[in-house]
Amino acid sequence: MSFYEDLKAECPTDWASYVYHPFVQGLGDGSLSGDAFRHYLIQDYLFLVHFSKAYALAVFKSDNLDDMRQAAATMDALLNEEVKLHISYCADWGIEKSVLEAVPEASANIAYTRYVMERGMSGDILDLLVALAPCVMGYAEIGSRLAEEHVGSLENNAYGPWIEMYSSSEYQQAAAGAYGQLERVAMSRLGEDYRSSGRWKQLCETFATATRLEAGFWEMGLTGSL
Amino acid sequence: MSFYEDLKAECPTDWASYVYHPFVQGLGDGSLSGDAFRHYLIQDYLFLVHFSKAYALAVFKSDNLDDMRQAAATMDALLNEEVKLHISYCADWGIEKSVLEAVPEASANIAYTRYVMERGMSGDILDLLVALAPCVMGYAEIGSRLAEEHVGSLENNAYGPWIEMYSSSEYQQAAAGAYGQLERVAMSRLGEDYRSSGRWKQLCETFATATRLEAGFWEMGLTGSL
Amino acid sequence: MSFYEDLKAECPTDWASYVYHPFVQGLGDGSLSGDAFRHYLIQDYLFLVHFSKAYALAVFKSDNLDDMRQAAATMDALLNEEVKLHISYCADWGIEKSVLEAVPEASANIAYTRYVMERGMSGDILDLLVALAPCVMGYAEIGSRLAEEHVGSLENNAYGPWIEMYSSSEYQQAAAGAYGQLERVAMSRLGEDYRSSGRWKQLCETFATATRLEAGFWEMGLTGSL
Amino acid sequence: MSFYEDLKAECPTDWASYVYHPFVQGLGDGSLSGDAFRHYLIQDYLFLVHFSKAYALAVFKSDNLDDMRQAAATMDALLNEEVKLHISYCADWGIEKSVLEAVPEASANIAYTRYVMERGMSGDILDLLVALAPCVMGYAEIGSRLAEEHVGSLENNAYGPWIEMYSSSEYQQAAAGAYGQLERVAMSRLGEDYRSSGRWKQLCETFATATRLEAGFWEMGLTGSL
């Protein structure tokens, strides 16, 4: 077991609602509507910008050079690679950069990104990493599961490239780096008996809330809500 | 005219959707369902706690003792008076304190409070005060308008006490204090020609976003969403 | 024993250099030069303003209403009482308010206040409370010891009123409140076996550094340095 | 003229005390004692770590992707290149990495880095960039002047490599990038008539204070103080 697995095990229903959300299942079998996906893509651009900032905050809040560098590497990947990839990927779906920059930020988007930032400001580096975990590691789990379940049909699936991106070894390794940092920081701040820590309950609540907000992000895509 | 009035004038549709929201109108004529009001009250408790924190952040970010004291007074009123009043008011509606502390925070609630906090951390004291303004001053406007429009029927309206609270001279004066601080800080940081400032556009966006998130809070009450 | 006593026990030399600093001993026997005391008083004004902000940050970072209210009470006492008392006390020593507001902030003053604020931003509420502790509780220890040691001679000591202020039951109670909060937060976040926590070493370093910076503040008074 | 040049012009004495500090002049003519330089080098290691965090904070506080990327590039250069170069450079001077990590942080070091971080937390991105400017741009000015003044004697100067590093085109270009960002952000937030802004006085004070704290850092090197 691990700190991360234990966090998940404390909110099984929330976690399942996130990783098996109809939006996710629709990505896997290709049944998701293009409009839902485009709405998701447009909002995900603003999401990436704010997640880059959250990782910058993680650099600021780190206790040592190793943690600073791990957070800086994730920030750099988001800010200098993912954002560009995202713009080019959006272009493939007919979404121009000007649209990405003009669209209002959906309430579900605001809720998730600002919640993560607030955990980082109100708490310490561990609170922040726990709030970030459902996104980074959840996407790795989703990408890897969908790639496995739909292994023969990805090339005929309009969402195949999305699944390939998050199941790619590059993404899986980045998520593994974030996983390793979470475990390391949790051990160093809470010790191996972290479940007995007075902080455990609040950390579980942070993880579960961030997970529900991730599910809310898929829901926003499905309903097209702002 | 004033800085605040100019901010409102830049987002007339958003502002109207907030201050004339069906939830508000239902408070005025008493037609709002008790369940909607109770859902709103429960979420408003967590809202008050986070708004107290946002005003604490405003103390931290103030440039001078006057601004520190104005923000501290608002924080004190929220933390030491409003929270208690709210608990007692909730009891009148059959909501026990244990419920207030156990209920999950709705996504619309998270979106608004964390957005305000993030503006405070990312920006300066002015960004924070602008994000806070739609709540403080909007409630004063709503309270005062409803009291006037329904002047003869408040005693037969289950929501009469709510309207009386926000139209009371205590609340109106508190809002006037917040208004005065916003104007003062805007003048001192942007000058009288604030509309020509490079920050004007972003400040308008912050105000409009906070206004939409306030409307989203009423909507959450109406729909009972989490 | 207590968390606070254990923190002190880890840096006995630093603690002694702070609470038995020549500046402190000179306050007790009245031998401190008036110029040194005036330099200290002038810098202490800016110190109080920044410490008020640090307590505002503690409100922002609190996990529950009790901690928010305790930090808010300390902030209120500093901002609305101590600052005024200080201005009036300075006037007794011939220092006008305009001087208090015009003088540059000494490097030793900047070092201490900004270190505390940074611990609060980089860390969690416990890091912040630990950084604040040497000031609040150290002054209570100093005031109480000097009052006892010089019990018969305070009325002939120009620094008698200063000693009386910090040995007063009002101040001692305020410090006891801060002490109680520190113990409570440490227990809730680290548990009773806090010395085994991975955070113990860093918290001891924060406490020792803040203690050295307090001693540096006395030294600044003695040397008149900016 | 430029925003940066105008900031300098408002504190000519502070600026001269910094860029012509005896420590700097001793670097130029090689007369600086090795002990003073080693003390400086050891403290500069911790300084680099905290300045990396300050640039991470600048990423967090940026208004747009361009500013995020500029701040991220500086942070990356500090965290992933300068820190390593510094460790290797210290080794040339007989300072082992274990010493760098064990030495207590000098008060003058704390004062400067935490002041910068606090300006970033209390203010907006412009307050932060102004607090950072004396270091980044001042070192470029010092490096370039010393290289010019001592053009024939650098190879016989033990501090020649230090001067070459800060006069190198790599460093000068990095400083030019930071300069460009400062001007751009100042224009976008204050406009061309920035000297009439209500913020000008406070920004000048931030710049002057940071400049004095930089001079204090040289002084710490000379006196070997902690």
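Read from first to last, the chains carry the letters A, B, C and D; within each, the first residue is number 1.
Criterion: contacts are C-beta pairs under 8 Å (C-beta built on N, C-alpha and C of every residue); 3 or more make two chains touch, one makes a residue touch a chain.
Since the structure is predicted, the reported quantities are computational estimates derived from the model, not experimental observations.
**Q** To lay chain A over its twin chain B by CA atoms, how big a turn is needed, in degrees to the nearest 5?
**A** Rounded to the nearest 5 degrees, it is 180.
**Q** Comparing centres built from CA atoms, which chain ends up most distant from chain B?
**A** Greatest centre separation from chain B goes to chain D.
**Q** Hey, how far is the Cα centre of chain A from the one of chain B, in Å?
**A** The separation of the two C-alpha centroids amounts to 31 Å.
**Q** Per the centroid of Cα atoms for each chain, what is the distance between chain A and chain C, given in Å?
**A** 42
**Q** Any idea how many Å lie between the Cα centroids of chain B and chain C?
**A** The computed centroid separation for chain B versus chain C comes out at 36 Å.
**Q** For chain D, give me the residues that contact two or more of the other chains.
**A** If we look for residues of chain D contacting two or more partner chains, we find 53, 60, 121-122.
**Q** Along chain D, where are the residues that touch chain C in the complex?
**A** 53, 104-105, 107-108, 110-111, 114-115, 117-118, 121-122, 209, 212-213, 216
**Q** State the interface residues of chain A toward chain D in the complex, per the touch definition above.
**A** 49, 52-53, 56-57, 59-60, 62, 65, 68-69, 72, 75-76, 79-80, 83
**Q** Could you please specify the touching residues of chain B with respect to chain D in the complex?
**A** 60-61, 63, 121-124, 127, 187-191, 196-199, 202
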